[in-house]
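Listed below are the structures to be examined.
Each of the next two complexes has chain A plus one more chain, namely chain B in the first and chain C in the second.
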Partner chain A sequence: MFLAILKRLLMLIPVLIGITLISFLLLQIMPGDPASRAMGSRASAEDLQAMRELWGLDKPIWVQYFYFLRDCVTGSFGVSIFHKQPIITLVADRLPYTLAIVLYSTVIALVIALPFAILAAANRGRFLDVAIRQIFVVLIALPPFWLCYVLILWLALNLGMFPTGGVGTGFFENLYRLFLPSLVVGLSTAALIQQSLRAALIDAMKADYVDTARAKGLRGYEVFLRHILPNSLISTISIIGVRVSWIIGGTVVVEKIFSVPGLGSLLIDSIVSRDLPVIRGLTVFFAILVVTVNLIADICYALADPRIRLE
Partner chain B sequence: MIPGLNLKALLLASAVALTGLPAAAETLRVAMGFDPLSLDPIATSDNGSIWTQLLIFDTLVRPDKTGEGLEPGLAESWTVSEDGLTLTFNLREAKFSDGTPVTAEDVQFSIERAASEESGWARFYRPITSFEIVNDRQIVMTLAEPFTPAFNNLALFAAAILPKAQVEEKGDAFFDAPVGAGPFMLKNWARGSRIELEKNPNYWQEGKPYVDDAVLEIVTEPSARVIKLEAGEVDVALDPPLNQLEDLDGKDGISTGQIIPYRADFVQLNTTREPFDDERVRKALNMAIDKDALVQGVLYGAGEPAAAAMPVMAYADPELAPYPYDPAAAKELLAEAGYADGFEAQLLVDSGAATSRNAAITLQAMLQQVGVRVEVQMLEGGTQWETTKSGNYDMSVSYATSDTIDPDQIIGFVGVNPERANAYHTEWKSERLNELYEEERKTPDGDERGGMFREMVQILHDEAPYIFLYHPASAWAAQDYVKDFEILPTSNFRLEEVKIEK
Partner chain C sequence: MRVLRNLLRTVSGSVGLIMLIITIASTVLTPFLSPYDPFALDFANAMQPPSAAHWFGTDNFGRDIFTRVMAGAVYDMRLALICVFGPMAIGVLIGLVAGYLGGRIDAALMRLTDIVWAFPFYVLVLAIVGVLGPSETNLYIAFFLVNWIGYARIIRGETLLISRLEFIEATRVLRFGKLRVTLRHILPNAITPALVYSMSDVVLTVQAVAAMSFFGLGVQPPAPEWGLLIVESIDYMRDAPWMTVFPGLAIVWIGIAFALLGEGLSTALKPKG
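Here is the complex of A and B:
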């Protein structure tokens, strides 16, 4: 197991080099001059040139790529043109909020999805199953920005139960403040999990080993907890893996509306201001995160299902 | 136990507790749409950074509230020699927030830094060629040749006075925990989230700021800023969506305000291309636009129609009226220029600017009335800028703002060719305007200089290298207990003047 993980880690190196190369080259063809964005529309040509030299934008492309690789290896990921700080510092400021939303929304999703998936599977084809499925289909279809505003207007503004946005200090304050944004993300994750887990549960219920277990005289809940549920959770783990990768960079709308200073809003702001080093650094950083999350998901499969081996 | 006694003891205890407490610290909370990038005054040009810097640092002189003149800042008084080449400043007995005095040496250091290579604003300060420190509180600046805007440029945020010793010692790290002579000190900066400020106890304006603390909450979504205000989480919301202003004003406990800052919105016309090289066509386009309708429809009434691509600021001619809305006359002019059947053209617009986007679509409909068929092309802001700069466009919706209260900066940008931007990439050129610009920069402030500006703006209006649109208002909404909050014509705000009267 340990060796297998090590092997997977080594395999990441060529993947990451590929990612740095692609993200670097893609940004080279992106229109817009960072120097003129930084200095505003009224800067003179000499001032712009001085700025480009200061940032090394006048160097040949391969030299710039080499600098970029060096920054990635040394862990700073480069220095932001606008914030004038190492990118790793910017990331460190914002990552906790993004990770908090990732974890928090996943917990919320599981709390919502598990009981409803089980309930639906147990009542397959009956009214309850159909009703639950329809509700979750609607949840998938709801646009997040709309849901954000509805929750803010209803729970925060009218009932005053939650703040309308922003983050605070300390674990418990943020647990409270990040509830609504995590709920928005969590609801759509819940919908995905509910649909797939329901199907997996139904499949598992029909499996031969379940009949065997029953024939051996195991009680209903024992069959469910020891045989049906673990076998069905494989699909849930893979959905969570994919979702987590998506949430890390994909919660921009939620972050913007709830004023959460996460990585998604940093990425969008940097794209708007043409802060090339930040965009590049973040792309690589996201790639590392996604690859890591996938690795963790794979390990989780292996733990949940003895038939899967890490090779 | 006797219950009554217990209650009495409790009351007594709480009364003691209450009298023992100092008055609660007053905090002013402002929701702002921009996240400052850096607090280094010479490295920034974004609103979030500029507004925050102006709360922490102070300048020698600063624009007064009307935006028409300058008032003393760290300089108590000053004299300008008759030839305009020597500026003498007498500093007041001011201190930085850490208690060290503001000296002439700090002034020289800060202005030289603003003129240095790494400064984005160097060209504003390079005309000052030498400094002479008379004593700790007097400094003389000398110019090699007359340059009237130099004095005004010292009122710009980039000329903020910094403590020399500390900036030299700490380098870039100084700006993470800056020390300034402005009304507030930085207490905590949670990037992307909030900036916490506290009153500078050494601020030279005694008694100010009136509030003890100020918090700038970064809320980039305009609707979210308003929701925060309604929920009572902030006291002031900057730039609420214009279409919600009326609604907000009607709410109990909330009032709104607006001001027209130094900004003009317009459509750049590429005068190197047909038919925009023909003055008649450009005038016709101006007459085909119903500016009042644009102000009502696009700005929800929060703005004024524009007569030129210049903000209404110092030396502006109050008589200069916008082009009349007259589609019939516009058609006649087009026919005279040989475009009786109109023509086709492309209009670029920044896809991220909602107001400009709405304006573009309205313009398309209005121009259709005189036979001009417009294809609206939405581009990301940076790309739009690159495209107009390279001259590869017909028409482009844009705007210009002034950072100083001297109209020199902005006329140089929108009217002079080549100078800084080839008349903002319209490539239009007026020899007379160029001459006046050279002259104006050498002429001392006064009626003569004012006349030159009026003539330049008149030329710009008459030859119309732009379709002049409007001057949009900057708005704010605040709780009723917030007194004396306002946005200045320079777009920033002075929190030291604000009182909370609950």
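Here is the complex of A and C:
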């Protein structure tokens, strides 16, 4: 197991290098001179020259890439023009909020998806199954940025149940304040999980071990709780792993709208203030986040199901 | 035609198609039938709630929201369809090439898609538009750079799968050229899952292009694009919630239509037996 994880980690190295390369090339597609784009039209010639030297823009392109790679490996990810701080410091302040929304929304998604998946699987092909599927079609069709405002309007402004945004201090206050943003991300995730969980439940119900358990005289709910449900949930882990890129992407929009000071807000603020090193550093960091969560999901999957081997 | 007939036999397919036809018809007809101009200001009628005269109410400038939403449909539908089917064409081509040539080119292309796959979709599109600068053209560039990946992966996987089937073996016995086999026998079969996927892709892309305009990175004002209608309504949300709600419902409507079409297509395109 340990060796397998080590092997997976080694296999990640080319992927990580590829990620830095793509993020690096991202800034190369920009039309015109990056220094004058970043500093605006009023910058003096000396300032522009200083900027070019600072970023190494006067060097050949492969040297520039090497500088960027060095920044990523040493962990700074570059320096922000706007905040005048290493990007990793900015990321460290904001990462907890983004991770909190990712986790929170996944829990919400499971809480919503699980009962509907069980109901749909138990009534497969009948009216309830079809009705549930249509509910989740509508859920997928809700645009997250609009849903944020509908929830703010309804639950925050009209009913006063939740704040319109921002974060607080302490676990329980943030559990309350981050509920609406996590709900928006969780609803779109729930739709994905429900479909696959329903399919997994139906597969598990047909499995031989279920017949065996029944033959041994276990009651229906015992078979369900001890055999069908755990086996179906394992496949859900891998679905969450595959979809984590989508979940993390979804946090960007809700963070900005609910003024949560996470990585997504930082990305959009940096785009507005044209803080190019931050945009580049953040794309690398987001991709690393996705790759890491994918790896964790794979390991959990292998631990939960002894038939699966990490290769 | 056979596909259309099969599609109409499914409930979700027919409902989705009817919703789409209603959308297209009202988008085309509204400029001729609506008594209102989507851009003309009419302060005497500002922020009127929905009524028989103004189905979706009016905005802070007294403009009829129904007329504006219908005028906006042109923007959102154009953006979404081009941003899905343009990259789809590229992805299908790349997937076919990878599956057809195999070997090192295939391995390199698949490594590339693996790496791009690691970036969250919204992050990559936001970053590309952020670097290029906000405009509709740059929005197209961003989606074309990112959206082909899914199709390339699907087509490549299907190509490998179908190549092992008996009827492809048979073409080898008949000494058909590899190119002919790929285009005439593999592609028509491999395209099905990509087509089904493209329908759910439209659902998410309509939301994404509207979100980009919402953040000021896509279509620019004064276009009545849906994301812009929503962002312009935020300051008035409390007093005139219909300004926020109806453009969003338009996105939901289109989303449901394409989601149902996708469901119908996946049944209609399923081979018999």
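Everything that follows uses one rule, which is that the second predicted complex is superposed on the first by the 288 of 311 C-alpha atoms of A that agree within 3 Å, B and C clash if a C-alpha of one lies under 4 Å from a C-alpha of the other, contacts with A are read in each partner's own complex, and residues count from 1 in each chain.
The criterion applied here is as follows: a contact is a pair of C-beta atoms (placed from the backbone, for glycine too) under 8 Å apart; a residue touches a chain by one contact, two chains touch by 3 or more.
In this text, all values refer to a predicted model and were calculated from it rather than measured experimentally.
Colleague: Between chain B (first) and chain C (second), which, if any, makes contact with A:199: first, second, both or neither?
Modeller: Neither: A:199 stays clear of chain B and chain C.
Colleague: With both complexes overlaid on chain A, does A:279 touch chain B (first), chain C (second), both or neither?
Modeller: Second partner only, chain C.
Colleague: After lining up the shared chain so the two structures overlap, which partner does A:57 touch, if you call chain B first and chain C second: first, second, both or neither?
Modeller: A:57 contacts neither chain B nor chain C.
Colleague: If we overlay the two complexes on their shared chain A, which of chain B and chain C does A:157 touch? Say first, second, both or neither.
Modeller: In the superposition, A:157 touches chain B and chain C alike.
Colleague: Touching A:304 in the superposition: chain B (first), chain C (second), both, neither?
Modeller: neither
Colleague: Quick check on the superposed pair: does A:143 touch chain B, chain C, both, or neither? Answer first, second, both or neither.
Modeller: In the superposed model, A:143 contacts chain C only, not chain B.
Colleague: Taking the superposition as given, does A:90 touch the first partner, chain B, the second, chain C, both, or neither?
Modeller: Only chain B is touched by A:90; chain C is not.
Colleague: If we overlay the two complexes on their shared chain A, which of chain B and chain C does A:27 touch? Say first, second, both or neither.
Modeller: The second partner, chain C, only.
Colleague: Of the partners chain B and chain C, which touch A:245 in the superposed model: first, second, both, neither?
Modeller: Once the two structures are laid over each other on A, A:245 reaches chain C alone.
Colleague: Using the superposition on A, tell me which residues of chain A are in contact with chain B and, in the other complex, with chain C.
Modeller: 31, 149, 152-153, 157, 256, 272, 274
Colleague: Using the touch definition up top, name the residues of chain C that touch chain A in the complex.
Modeller: 111-112, 114-124, 126-133, 200, 203, 206-207, 210-211, 214-217, 227, 230, 234, 237-238, 241, 244-245, 247-248, 251-256, 259-260, 263
Colleague: Where on chain B is chain A touching in the complex?
Modeller: 35, 37-38, 40, 43, 45-46, 117-118, 120, 122-123, 172, 175, 190-194, 217-221, 223-224, 227-228, 230-231, 233, 352, 380-383, 385-386, 389, 400, 409, 413, 420-421
Colleague: Residues of chain A touching chain B in their complex?
Modeller: Residue list for chain A touching chain B: 31-33, 36-44, 47, 50-51, 54, 82-84, 90, 93-94, 149, 152-153, 156-157, 160, 163-167, 256-259, 261, 265-266, 269, 272-274.
Colleague: Inside the complex, what are the residues of chain A that reach chain C?
Modeller: Answer in residue numbers: 14-15, 18-19, 22-23, 26-27, 29-31, 137-138, 140-147, 149-150, 152-153, 157, 245-246, 248-250, 252-253, 256, 267-268, 270-272, 274, 276, 279-280, 282-283, 286-287, 290-291, 294.
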